[in-house]
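Just below sit the structures, each encoded as structure tokens.
Both complexes shown next keep subunit A, but they swap its partner, so subunit B is in the first and subunit C is in the second.
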Partner chain A sequence: MAPLTFPEWRNQPLEEILYHCRELLEDTDFPTVKRWRAAGGKVLGHFQVYFPEEIAHAAGMLPFKVRGAPLEPMQADSRFGSYLCSILKTSLELALSKRVTMEMFVTHPICDAARNLAAVWGRNFDYPCQILYLPQNANSGFAATYLRNEYDRLRREIEQIVGREVTDADLRRSLAIYNHNRALLRDLYALKRETPWQVSGYEAYLLLAVGGMIPREEHNELLETALPLLRARPAKKQDKIRVVYEGGFCEQPPLDMLRALSQSTYVVDDDLLIGLRWILEDVPTAGDPLYNLAEAYLEKSSYSPVQHDLRKPKEEMLLQRIHGAQASAAVVTAAKMCEPGLEEQVAYTHTLDAHGIPYFVSEFEENMTSFDHLEIQLETFVESLLFA
Partner chain B sequence: MTTDQHTELVGRGNREGADLFRSWFEELSATAEQGGQSAYVFVMGSIAEVLRVFDLPTVFPEINSLQTAVRRVAHEYLNEAEDYGYSPDICGYVKADVAVQLRKGAHPMGQIPTPSLAVYTNACNTYIKWAEIWERMYKIPIFTLDVPGTRQARMQTWRGDPDFENDRKYVAAQLKELIALCEQVTGIPFDIDRLREVLGHANVMSRGWSRVLELNRSRPSLFNALTDGTVYLGVANGFRGRAEGAIFFDRLVEEMEYKAAHGIGTLTDEKYRLLFVGVPCYPIFRRFNEMFTQWGGTFINSTYLWFASGGTNRGFEYNLNDPLESLAEGILISVRDAMDSMFYQDQVLAGMVDEFEADGIIYHPIKSCRTVSTGLADNRRAVMASRDIPTLFIESDMMDRRVVSEAQLKNRIDAYFEGLAARRAAA
Partner chain C sequence: MTYTAGIDVGSTYTKVVVIDQENRIAGKAMTNTGFQLAQAARTALDQALAQAGIGAAQLAYTVATGFGRHQIPFADVTATDLTASARGVSTLFPHTRTILDVGGQTMKAIRLDDETKVKSFRLNDKCAAGTGAFLEKTARYMGFSTEEIGPLAATSKGAVPISGVCAVFAESEVINHLSLGAAPSDIMFGAISSLVDRSVQLMKRVQMEPEFTLIGGILRFPSMAAVVRRELSSEVNVPAGELVQFTTAFGAAILGHVRLHKIESQPADLETAPALA
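And then the complex of A and B:
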């Protein structure tokens, strides 16, 4: 029987549920991981952006999304040079400071900085620290087969850690649980798109983000509880502009920044923690589960600046997201020192210019605490649109 | 050996390398003027082996960019790209190239042709983002040749291992797709005999490159890995798979063997044998080197010469009887090795310290390049834990002179050499 890692929200009214989600996200002791471990569970930490959590889940491990933390990188700072994004340092910090203990760490070739993490991590810890080589040539006819076999390699690694076989039947069970989670997250995003006065971008984010820290069964229960409560909210539509937020695929903007944004706009769609929502449809459970998962990564997936796919020019995808959400403006951000994010910003803004879509550009750092300047700029931007 | 032969041999590689480099840019200018086709490629896996079969001249935007820094005009290009919207915090090579493109190919060394296609590996993720820029600018086909790297320290797989076979098949499948794309772009049918010929030249070059690097174990060292090495590297990349490249490396080996046999070193009176880790400081290229040579420091090897040659330092030789399969295996092993020389440098360096009898390691992480620089501080910590060797950690940039503080660098370098001298005196 899996332990309950996040009991605080249960039997609480909606506002309390949201409050507890925020508390959890800001708790640098990572209590859900500690509770999991206290019950004898093993943990696989995976760095942003996408990781096939189903494989770790099928083995009975807790897949923990390593995505930085609200803490000072006291020890990690000396492991890195300057000119790097914050998430790299705070992620390593949470391991070095023993806030999170794990049995395996996996990163991906998402960017020049993150792909170094397996080597850096591996020099500091004895457990397996690896790169999962998600294909960068999504357009190759062999990519799905290659990825299926790469997932199989991962499965074998994980089997070594848990000391048992991870069968196709185990994987199918996990796929079903994750399919349900994907459906619930789609519901949450549909609600935010269709009636954003019932769930703000910030609130939706709280409900989404805890998913990376708790077993997916628990996340499903949380969403199953919260969604009807959100729908039943007696909230009224306000005169706010509808915006799409872009730039949260890896390092996460501070919660207060998202809250400020949600106060002045309706954030009707975004790419925040896109890895948790990467696969857009159910993954078939019949047939070879690893192949199905690999194929879904390539063929039924979202987009981000760190996945190259000739079929998904990012700026076109952003336009689709804006139109799909009937947004009238975009907030285009990038984490400080994030090479892919900053590069994409140029393509995004030039395209938005060409299409006459207003946008607000900014950079952020996960642990920034002062937003005065940003808030004023944002308000000026919003006012310029409202009174245009 | 007569004095004439001696004069002819010593320094020949540098002279011929410089001539070849100039002629290469002249060829590119001619291509640009005639409106000919070209392929934009990168140093870590140029896949010139395939592109040559289709007579596609290879343009290396990284080299074009670094040349703007060497010629001290990089800031003009960087500013132009920043005005266009690119952040001061991204790779300077990308920005200099964006400015070259905005200037319609005008470059201090000639005219750069526009691309007909771009081919790049994933050895650096910025390659991919960069190619996406050309895709937008020119609406050209771009091709990622995805080469899976080492999954975990010391866990490289080799032929016969199912995980290696998965990677190799993936690379092989992509090569076939690339060949089909090249046929489509150029209208030239694939010719396997031409591929064999190109691979034959590439084999000579890889063998020569690996031998040249190995010969620098000599005392005194035969060439400076930072300065002379960069000239050889230019040929290794620009002329990969060409007869001129093969001849160059054959002759370079001859020169180095001669120097080794006669104990002829560089112009520096070698007191300290140094390893260089990172990317050279191109904005003050000569001066940077002088700060070391004036103390008797010579660079005997560098990870730069490894990864920036796409791992051809390994000396992998293609099997001409099975060219396509062997090409897939060779690219996988070489490009993976290039990535290992960046991410898992600690192991490589510990080996180099022993084999080359190094006295010190200079780490030069740069703002522009997170691929190479992200792990260097931790890498240094690990190397120092495994070898008793003094290291120096200096940060600057390979393009942006705003980040290069010459006085500060000199202070640090001087202090380092004083430390080396004190250590030697105490030994």
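And then the complex of A and C:
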């Protein structure tokens, strides 16, 4: 019987549920992980952006999304250069400061900094620190088979940690639970796209982001409870402009930045924590579950600046996202020192210019605390569209 | 007749103006903002609608502005007080290029371009130094109410210099001046002069140019405008009567008509993103 890691929201009204989600996201002691471990559970920490959590879940581990935190990287600062992004340092700080303890850590070659994270992490801890090599060439005919084998390698590593076999039947059960989670998240995003006055971009983010910190079964229960409450919420449809937010695929913008954004606009779609929503459809549970999972990563997936697939030119994908959400503008941000994000920002803005779609550009850092200037810049951008 | 409302949720007072499509003021009201912002806005709106003789159903659009603008759930949209003030002032005084807005706890200098759009702006620091709160506290230390500031300063024979504009430290300075026998009217006028010094500094930082228009609750006292006029060596516009305090709400209401007109004439039309190959 899995322990309940996040009981605070249960039997609470909607506003309290959202409040507790924010409390959890801001708690740098990560109580859900501690509760899981206190009950004897093991933890697999995985760095942004995408990780096939189903494999860790099937082994009975808690997949924990390592995505930094708004804290001072006191110890991690000495391990990395000042020119590197904040999420890299604060993620390692979580482990060095023992805020989060785990049995395995996995990162991905999404950028040079993240590629080196496993080695730096591994020098500080005696548990396995791995790189999951997602296919660099997603267009190769062998990409799915290659990735399936990479997933299998990961499965064998995990089996060593949990001391038991992770069977295909285990994986199929996990796929079903995650398929349900994906469906619920699609519902949440449909709600904010269709009736954004019932759930702000900020509130949707709170509900989404806790998913990386609790067992997926609990997240499913949370969403199953919150979604009907959101739909029944009495709220006035305001005359806000509809925007798509782009730039939250890895390091996360501070909650108050998202709140400020939601005050002035309807954020009808975004790429926030896209790894939790990477696979867009159900993964078939029949057949080889690892192959199905690998194929879904390649064939039924979203886009981000750290996956290079010629079939998914990112500028065109952004246009599709804007069009699909019937947005009239975009907010294009990048985390400071994030090479993939900043590079893509150039391509995004050129394309938006070419299509006459207004946009607002900004940078952020997870440790930002002052939003006055950003807020007023954003509001004047919105006003230039509303009242011109 | 199409009516819109502008709600200016200021730090001290909440002001509401209801206008028709010719920008004629049909009703206005003001109440203390307090700490229940939405309630204060609702109360003032109801009063303004009653004065206008219309019901809430006849209100086509509501724009909230001011520091508490995001706390008004029944507004159709929000606008910064910079944009709302600019719209209100440029409607009343179309040749305005620099606005000084002195409110209860904020002071803003706004520079407009030739099309009366906001070109640049500066706000006071986070504290209430150099704002209406400073004058109110100065008056209160001497036993006068806010409404007595204007008449009191008008009887001054010469300003007693007040070295700072900190609402907290002013108390000791005022007490010191009183104990030395200075007249309250001269102290009040000194406080106004000190505040104006700070205002002019703020205006310089936006590269001020004439025409100048002064708005905000403190400007309802003629002595304040007179000192600004003297410091700038220039004529200044001041909206007549109570309108000086309602200019931002008035501008917000006008923005409501701008938005209504835009919605009616330009249905949202987003260029279709190209399909993927």
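Everything that follows uses one rule, which is that the second predicted complex is superposed on the first by the 388 of 388 C-alpha atoms of A that agree within 3 Å, B and C clash if a C-alpha of one lies under 4 Å from a C-alpha of the other, contacts with A are read in each partner's own complex, and residues count from 1 in each chain.
FYI, contacts are C-beta pairs under 8 Å (C-beta built on N, C-alpha and C of every residue); 3 or more make two chains touch, one makes a residue touch a chain.
Computed from a predicted structure; not experimentally measured.
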Just from the overlay, do subunit B and subunit C fit on subunit A, or is there a clash? fit
Determine, for the superposed model, which of the two partners subunit B and subunit C contacts more residues of subunit A. B
Given the superposition on chain A, what is the angle at the CA centre of subunit A with arms to the CA centres of subunit B and subunit C, as a multiple of 10 degrees? 110
Return first, second, both or neither, reflecting whether A:A204 touches subunit B, subunit C, both chains, or no partner chain. neither
Where does A:T349 make contact in the superposed view: on subunit B (first), on subunit C (second), on both, or on neither? first
Touch test for A:Q320: subunit B only (first), subunit C only (second), both, or neither? second
Contacts for A:L230 in the overlay, against subunit B (first) and subunit C (second): which applies, first, second, both or neither? neither
Touching A:V267, do we find subunit B (first), subunit C (second), both, or neither? neither
First, second, both or neither for A:Q238, with subunit B first and subunit C second: second
For A:S328, is the partner it touches subunit B (first), subunit C (second), both, or none of the two (neither)? second
Least C-alpha distance (whole Å) that remains between subunit C and subunit B when both complexes are overlaid: 14
Using the superposition described at the top, list the residues of subunit A that contact subunit B and also contact subunit C. 313
Residue numbers of subunit A touching subunit B in their complex, please. 78-84, 88, 109-113, 115-116, 118-120, 122-124, 128-133, 135-137, 139-143, 145-146, 149-150, 153, 305-306, 308, 310, 313-315, 334, 336-337, 339-340, 342-347, 349-350
Per the contact definition, I'd like the list of subunit B residues that touch subunit A in the complex. 84-87, 89-91, 94, 122, 124-126, 128-129, 132-133, 135-136, 142-146, 148-153, 155, 162-163, 166-167, 169-170, 173-174, 177, 342-344, 346, 365, 367, 369-371, 373-379, 381-382, 395
Which residues of subunit A touch subunit C once you look at their complex with the stated criterion? 235-236, 238-240, 263-264, 311-313, 316-317, 319-320, 322-323, 326-328, 355-357, 376, 379-380, 383, 386-387
Over in the complex, which subunit C residues touch subunit A? Could you list them? 61, 70, 73-80, 82-83, 87, 118, 255, 258-259, 262-263, 268, 270-274, 276
